[in-house]
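See below for the structure under consideration.
Should a chain be cited, it is by its letter among A, B, C and D, assigned in written order, with residues numbered from 1 in that chain.
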Amino acid sequence: MDFSHEPHVVDLAERVRTFVDDHVLPAEPILDEQLAATPEEWSFRPIVTELRARARAAGLWNLFLPGAQGAGLTNLQYAPLAEITGWSPRLGPVAFNCAAPDTGNMELLSDFGTPEQKSQWLEPLLEAQMRSAFCMTEPDSPSSDASQISTRIRREGSELVINGRKWWSTGAMNPEAKLLIVMGKTDPEAARHQQQSMVIVPRETPGVRIVRPLTVFGYDDRDHGGHAEIVFDEVRVPAGNLIGGEGAGFAIAQARLGPGRIHHCMRTLGMAERALALAGSRARERSPFGRPLAEQPVIREWIAESRIELESLRLLVLKTAWLMDTVGNRQAMTEIQSIKIAVPRAAQRILDRVIQLFGGAGLSGDHPVAEMFAGARALRLADGPDEVHLSSLGKAELRP
Amino acid sequence: MDFSHEPHVVDLAERVRTFVDDHVLPAEPILDEQLAATPEEWSFRPIVTELRARARAAGLWNLFLPGAQGAGLTNLQYAPLAEITGWSPRLGPVAFNCAAPDTGNMELLSDFGTPEQKSQWLEPLLEAQMRSAFCMTEPDSPSSDASQISTRIRREGSELVINGRKWWSTGAMNPEAKLLIVMGKTDPEAARHQQQSMVIVPRETPGVRIVRPLTVFGYDDRDHGGHAEIVFDEVRVPAGNLIGGEGAGFAIAQARLGPGRIHHCMRTLGMAERALALAGSRARERSPFGRPLAEQPVIREWIAESRIELESLRLLVLKTAWLMDTVGNRQAMTEIQSIKIAVPRAAQRILDRVIQLFGGAGLSGDHPVAEMFAGARALRLADGPDEVHLSSLGKAELRP
Amino acid sequence: MDFSHEPHVVDLAERVRTFVDDHVLPAEPILDEQLAATPEEWSFRPIVTELRARARAAGLWNLFLPGAQGAGLTNLQYAPLAEITGWSPRLGPVAFNCAAPDTGNMELLSDFGTPEQKSQWLEPLLEAQMRSAFCMTEPDSPSSDASQISTRIRREGSELVINGRKWWSTGAMNPEAKLLIVMGKTDPEAARHQQQSMVIVPRETPGVRIVRPLTVFGYDDRDHGGHAEIVFDEVRVPAGNLIGGEGAGFAIAQARLGPGRIHHCMRTLGMAERALALAGSRARERSPFGRPLAEQPVIREWIAESRIELESLRLLVLKTAWLMDTVGNRQAMTEIQSIKIAVPRAAQRILDRVIQLFGGAGLSGDHPVAEMFAGARALRLADGPDEVHLSSLGKAELRP
Amino acid sequence: MDFSHEPHVVDLAERVRTFVDDHVLPAEPILDEQLAATPEEWSFRPIVTELRARARAAGLWNLFLPGAQGAGLTNLQYAPLAEITGWSPRLGPVAFNCAAPDTGNMELLSDFGTPEQKSQWLEPLLEAQMRSAFCMTEPDSPSSDASQISTRIRREGSELVINGRKWWSTGAMNPEAKLLIVMGKTDPEAARHQQQSMVIVPRETPGVRIVRPLTVFGYDDRDHGGHAEIVFDEVRVPAGNLIGGEGAGFAIAQARLGPGRIHHCMRTLGMAERALALAGSRARERSPFGRPLAEQPVIREWIAESRIELESLRLLVLKTAWLMDTVGNRQAMTEIQSIKIAVPRAAQRILDRVIQLFGGAGLSGDHPVAEMFAGARALRLADGPDEVHLSSLGKAELRP
């Protein structure tokens, strides 16, 4: 047992840290200005493109992707890097081309795509020439229960015809999100987990209608393409757009979720660390009733509790990554569920404390903590609510 | 001891309930439309004016104000009415001319204003011919510690000259908010609680600069005038604009806070009740994995916990109101602090559960629960953070 | 709505308070000595008998029992008295002949007993000439589910023959507990809630075997007769010992539980108040690191949180009592369940904090707080675990 | 980074696991019988001696002690073994001669003792020929503040004379605890952390008076020698009994605490694992309302929450051990404090859930969970309350 990262990972983390400190954090106010200047747009602002160019030039690119097309890192090696990108949720991941949902979509295409699909969609994504969205959740069915998906995909000759309504398609308000990966039922009569298929739908296909943006609390997350409600009305694509064959949708979704969840957790740890760092600065600066917050016992307890939660959960995330690398995602399911439940929840608690420490300023846009809170809160619902995972974990644990 | 409301209060509550059901709740989507149609404006939308006319015609007006100018109700009698208005945080209180911060400002003028001040400012407020804002909190000093207020009010002949920067001036983005009540130091050398004074500043006075709106978790609360940052730069008003005399500012602020806090708590209970009612409907409609949420034990526990918290805290609010009515606000301080701490916190917990029950929809603007969450969270900071009150309460309790 | 107790209740509470201060609290060390002197015995120690004589002489007797045979108080009137008796869990209730399980048994006999049963058993209990136990819970079936009771009562001619095993029969180790009220099934084929009957079994009946005492966190509660496991092996009693007729057992148990639960809650509030008072004294006396605990912010928060919880739950208990008095126990079910869940849990939290404040001393027998903790913890299981009540409460709340 | 234990540690853990399963767990009912048979005694019961002989024969002896005299294991290597011994808190650690406070005393003598002290006291302890106690905490001063220790050690010629009162001297009721290590002040005028010294006091020295046993909740922990209050009244020992020189007491205590705390945490994890295993069995066996507890969602959530807490905290314990091994106890202080706070607290929460799952049986002596709860609760006070550590941790974290 050894708790130290390999030297080359330490080195890489150091480079990511330096890049974030030197380029990403200073870019945050620039992003705010660019957003204020073009309040109606949903596409990436220029600073994003700039950061990406710099990161790529620095050799910090596609870090999330194992294998030759990516940076070739294991989950365990990627973990400390992803955490650092989480310090700036709006700019960090995207700078390194490591932002959801593109990461999940790239993994999916890399693992299950045909050579044609890879060349047409994966390559431009790896080059950051476009963005993508993942269309799974529906307004009229519980997102945790894939068997209730109501979107239908029927085959007509060499075409697939898609009808349905999706929402929470993150990034899809962005016109650069040229690729939509859509899950629907091809055979509602098949076995429960073989009814679903996944299909590539170019955003510009006739019948695709971007209905409206959704908000998370009051945020529209416009900087990274928002969250769209989309109607698919008799949308026709070639049958070759199927990913992994008919009926493979559920299995592909599951495969996509493991890495997706742990990446979310890694970044969330970083976000919480940033919040703690901001809290520390604030606590040293403000002195209500003549004593710095940093010397007030109640504040010290908050910070100590936060530190303990973060340290123990970081270790659980790292162990989960190690298990995924060594015994596989399936064998790591209990741990993946554990972190999916525990990390966003801890982050929410920590951010709630940090907001309280900041006072009114913490609720506003002057500091990133309110928006971080919204992000952590949303993660407790993304990919199914905590309760579905708790129940499944408890069930497994209670097996004789 | 008797836990039933007087018959005429029951009757009045019934009338308020009917009005809310028939007029206020159906007005919510209309407000949304009107907001969408004029995204840049900060003034009241037409539906607000309409609702107010109807409420006034129905004899449901200025319910919060004791005495002849208002509805003549005690705190205890007002409590169930205020709670019902809280079901629609954006429209309920304002419909009955019972919305903060106008209520606090009207009380303040009613209790401490000169006859001239009353005729010039109180009367139009009671008639809903204008709005008002309260300018106390400052970006550069902890809001809980009045001794650190940095706004200065100096006397020059028959004038007062004000310099300072305020924020979280709720309602002040609304151009109809013609009255600003500003707290500043007239004598920084006086005894700790006699340094502050309160002064009437017409919004249009030269030197008053509305700097920008603030957001609460992404919401700009534009429907009721938002939250402004305001700079006062050599702002001159007649000395007669002082309220209650020089050095009376701290005492007036304290007097204003008691009723203000309990009114917030009453409305917050109503908001939480609405959330529970919405949760109930949702729980009966959605059936992930084939079983209505309403039959799932974990959901039942959430609802039961929420019910217990609400019932016990409502009683504490009512008892506090009764104490304010019978022994006075000062003697009810422990109870006022208790509800100020406990009610918003419970509402936050309840809303967090309700959001979780709604899934992604609960984060969006499709249901009012995310915005309600933001409101409850903000209350934990308004008028000083929980911790200041907890500490004061604990100190009193630990006295021999 | 009126939050003040009637003058004669205030007066009575004052008398109970004085009696507790003057007689009961000073008797606690005497009880400890008497227990230490006769470590093997399970009967009441002399101090108990003495206190009872004094309380009776003071006219403070059978306060719990409404009607002519008792003190004639309503639940609401009894509440503040019961709370005060809870300050000394081992001696307060018993001093006034208001201790469980005798109170529940007396109510049961008073409500459902025949004249013969009343004269033989109720009267000596009201005179404190004997004690009693209630034998319902069984080791081999979940206590929350009466349909699983395995004790059988069969009729043979004019006799009832009882076979079964009970435990947690509080008080039954005390040889003075001459009366056992036993619940068993007379007709396992009847409708779910008509299978059970309740029968009077004199402790000395052949076939009754007191197997052993049980402990609660190491406490044997020997001062008030402990908690017994009892085997009933072909125990024969006259058919006239049936209470309320065959098949009435479940209904009687339900009737017994309402008042039983609220009485527990009332006393538990008093216990928690005593703990807070002890915590206050301790906090003023001890000064680790040179500053009295009473001035330490974290301690102040604990005390403030405890105060808020106690105040709000006391009001809920009082309102529940008022509902029981005005609309009946059945209509007050939601509230009875609420306090049954919330009060012991809050008391456990408060006692946990108080123990922590006391340090090691708080775990020991030198202060009553560890034993109080055990008592509060046990109440979360008595009469069915919290979860059963939460589920039932949530179910009711979620009805359309 | 590598989360797997070394092969020889895995092997050793397997052997300890087998020994615990085959010898220790089956010995628990035997211990109960032996305790019941000799209720007045405080010395080890025969089964303890037997188990020790078997463990020693199996080569599983003094596992905690690094270096040649012990098993030569690092903290990280010892961790999984210690955890397994925690499955049986009363018999596991003692079987392998790894029970507190002997372990701490052996470490202390090993690190700071003179050759004479080692040969006279360390060797028989390593051979399990005697027991020992550690006398630090005092009834009249806060245990967390060594500067308030009131025990005095004065030098008279070649002798030291000790006066003071200690309590919570674990094991000291056992007459086999021939060695007492006593902390007192030799120079109250010295610098704050140089006033204290540590001295060896044979239990039979005149002036040593074992006053009484203390209880933890209702447990006297008689099986391992209880917890004693001890008066030292003009107790004289040779000056050679000083450990580590005059004024070294505080530093030695600190050195003793690091390993002591992590060992407690390791064992506590094991205790919680055992509780979860017992909960699992119970949950599969009991079916209130016709459905096994193991299938009830609320129970599943409890178990899932417990699993997540245990997994993440185990990793934090292991990382702490690794830090102690690689960078030293001083550099691992934040982590040692973190686990000292978090592990007992989590264990208390888990045990509270498990008790609730067991129902009344969980409070009794029929299952080990109530006693485990008491043990976990006590750990939150041992070596200073959580709050002292939280404050110190928060302070460190808030440093710029």
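The working rule: contacts are C-beta pairs under 8 Å (C-beta built on N, C-alpha and C of every residue); 3 or more make two chains touch, one makes a residue touch a chain.
Computed from a predicted structure; not experimentally measured.
Q: Both subunit B and subunit C are touched by which chains?
A: Both subunit B and subunit C are touched by A, D, going by the contact rule given at the top.
Q: For the interfaces A-C and C-D, which has the higher count of C-beta pairs in contact?
A: C-D
Q: From the mean C-alpha coordinate of subunit C to that of subunit D, what's the distance rounded to whole Å?
A: 37
Q: Could you state the distance in Å from the CA-based centre of subunit A to that of subunit C?
A: Using C-alpha averages as centres, the distance is 53 Å.
Q: Calculate how many whole Å lie between the centre of subunit A and the centre of subunit D, each centre taken as the average of the chain's C-alpha atoms.
A: Using C-alpha averages as centres, the distance is 44 Å.
Q: Which positions in subunit B are in touch with at least two other chains?
A: Counting only residues that touch two or more other chains, subunit B contributes 297-298, 301, 387, 391.
Q: Give the list of subunit B residues in touch with subunit D in this complex.
A: Residues of subunit B touching subunit D: 296-298, 301.
Q: Contact residues on subunit A for subunit B in the complex?
A: It is residues 137, 139, 142-145, 148, 167-168, 214-220, 286-289, 298, 352, 355-356, 359-366, 370-371, 373-374, 377-378, 380-382, 385-388, 391 of subunit A that touch subunit B.
Q: What residues of subunit D sit close enough to touch subunit A in their complex?
A: Residue positions touching the partner: 1-6, 76, 276, 280, 283-284, 294, 297, 299-305, 307-308, 311-313, 315-316, 318-319, 322-323, 334-335, 338, 341-342, 387, 389-391, 393-395, 397-398, 400.
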